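Letters A, B, C and D mark the chains in the order given here, with residues in each chain numbered from 1 onward.
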Amino acid sequence: MRIAYFAWVRERMGVAEEMVALPEGIATVGDLVGWLAARDARGAGAFAEPHRIRAALGGAMVGPEALIGDADEVALFPPVTGG
Amino acid sequence: MRIAYFAWVRERMGVAEEMVALPEGIATVGDLVGWLAARDARGAGAFAEPHRIRAALGGAMVGPEALIGDADEVALFPPVTGG
Amino acid sequence: MIRVAVQSAAIDVAAALAAHDAGGHGASASFIGRVRGDGGLVELFLDHHPVLTANGLEDLAAQAGARWRLEALTLIHRVGAMAPGDTIVLVLASSAHRAEALAACEFLIDRLKTDVMLWKRESFADGRSAWVEQRETDHDRAGRWG
Amino acid sequence: MIRVAVQSAAIDVAAALAAHDAGGHGASASFIGRVRGDGGLVELFLDHHPVLTANGLEDLAAQAGARWRLEALTLIHRVGAMAPGDTIVLVLASSAHRAEALAACEFLIDRLKTDVMLWKRESFADGRSAWVEQRETDHDRAGRWG
């Protein structure tokens, strides 16, 4: 599965996207954000405040309770700041 | 004094403007409209319904009670129909 | 910069936009009104009073400038004979803030329909020709601005 | 005709207007949003998600098309790095009726500010650079549309 990062989430992660194999027990977007925050220092910097993170699955906005299932892409980013 | 006509008032009068010497007793715009309506057939056609006539003196809209005084121009026309 | 014009020549929207704005304003709202060919209309003729019409446009521009913080305002009205598709009126309003540009543009086009001295005559393909009567809907919209 | 674009190339307003409209529509309202150089801003960078951003614009265009009788609609949003004075966004809405063109244009620019997936980073002459936080005022305006 691909994780795509945007805005300051991308800057803090140091990459625009990465391919990951989800570990056992990571089922929802919220689980994924928690796992990334615990994985390393970059993840801790990007995801220390999960309430500031928004997510999209396969092109649609979702909440932290959304099941990742066999989605190709999870996108993680801050609230939008408009045009 | 010059009288300028616009829109269907101009068409019915057959001229865009004319120079007139105001007769005795014609003091207001309303007087002038009444005099034009009585003067000839063209005036009767243009000014038979004075409530449909609007007027301007020296570039400002005025009512029928306005005194003509020594104005250079009285403009007579229908209500505007916009841009 | 305020620019007001009453002209019988065709309105060149791109040129007016370029003259209005060299690119520095935060937000520009515009309105382009064109002659509609409804009901077989072949010509729209706008009669105008050179002084009253220009005064009316300048007065509207001044009102908009007093009401909103505008960086530039362009108001061009065509008069004389026009064909369907021709541009009758162009409003351009620029401000640092989008809400002000949008509100000024809407105010101006609503008021143009009622406050400016112009008289419309419509000619149709079947030979009919008539001066347009005042429309209540224009007054309703213009009245919203109090 | 609905045209939606997300592009890193400069927005050519005159060309977009020509493509939008061959002159047949009764009323065209437009909004041009530009980068402001407030506070010493030297660069505005807009990050975007290729799919989400385009979907957001298309969804907004469809909402406007369902709400108002529009004859043409153009929505162009620039992304990437921009300088003060550059055009960020262009909205063009045409209708037979001016009230619908104006309302659609205002709806679209209000919603663009909140509903479309874009992230702004501002860089200043003194070297500071920061991602913009969500602004409440944008939400207030967008909320008016219910």
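Simple rule for what comes next: contacts are C-beta pairs under 8 Å (C-beta built on N, C-alpha and C of every residue); 3 or more make two chains touch, one makes a residue touch a chain.
Quantities reported herein were computed from a predicted structural model and do not represent experimental measurements.
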Least step count from chain B to chain C, where 1 means the two chains touch: 1
Neighbouring chains common to chain A and chain C, by label: D
From chain D, the most remote chain by mean C-alpha position: B
Centre-of-Cα separation between chain B and chain A, whole angstrom: 76
Geometric centre distance via CA averages, chain D-chain B, whole Å: 51
Euclidean distance of C-alpha centroids - chain C vs chain D, Å: 24
Separation of chain A from chain D, taking each centre as the mean of its C-alpha atoms, in whole Å: 27
For chain B, residues contacting two or more additional chains: none
Multi-partner residues of chain D (each touching 2 or more other chains): 33
Those chain pairs that satisfy the touch definition: A-D, B-C, C-D
Residue ranges of chain D touching chain C (in the complex, touch as defined): 13-14, 17-18, 23-34, 36, 84-87, 96, 98-99, 101-102, 105-106, 109, 141
Chain D partner contacts - residues on chain A that touch it in the complex: 4, 6-8, 10, 56, 59, 61, 75, 77-83
Residue ranges of chain C touching chain B (in the complex, touch as defined): 33, 46-49, 51-52, 55, 77, 88-89, 112-121, 131-135, 138
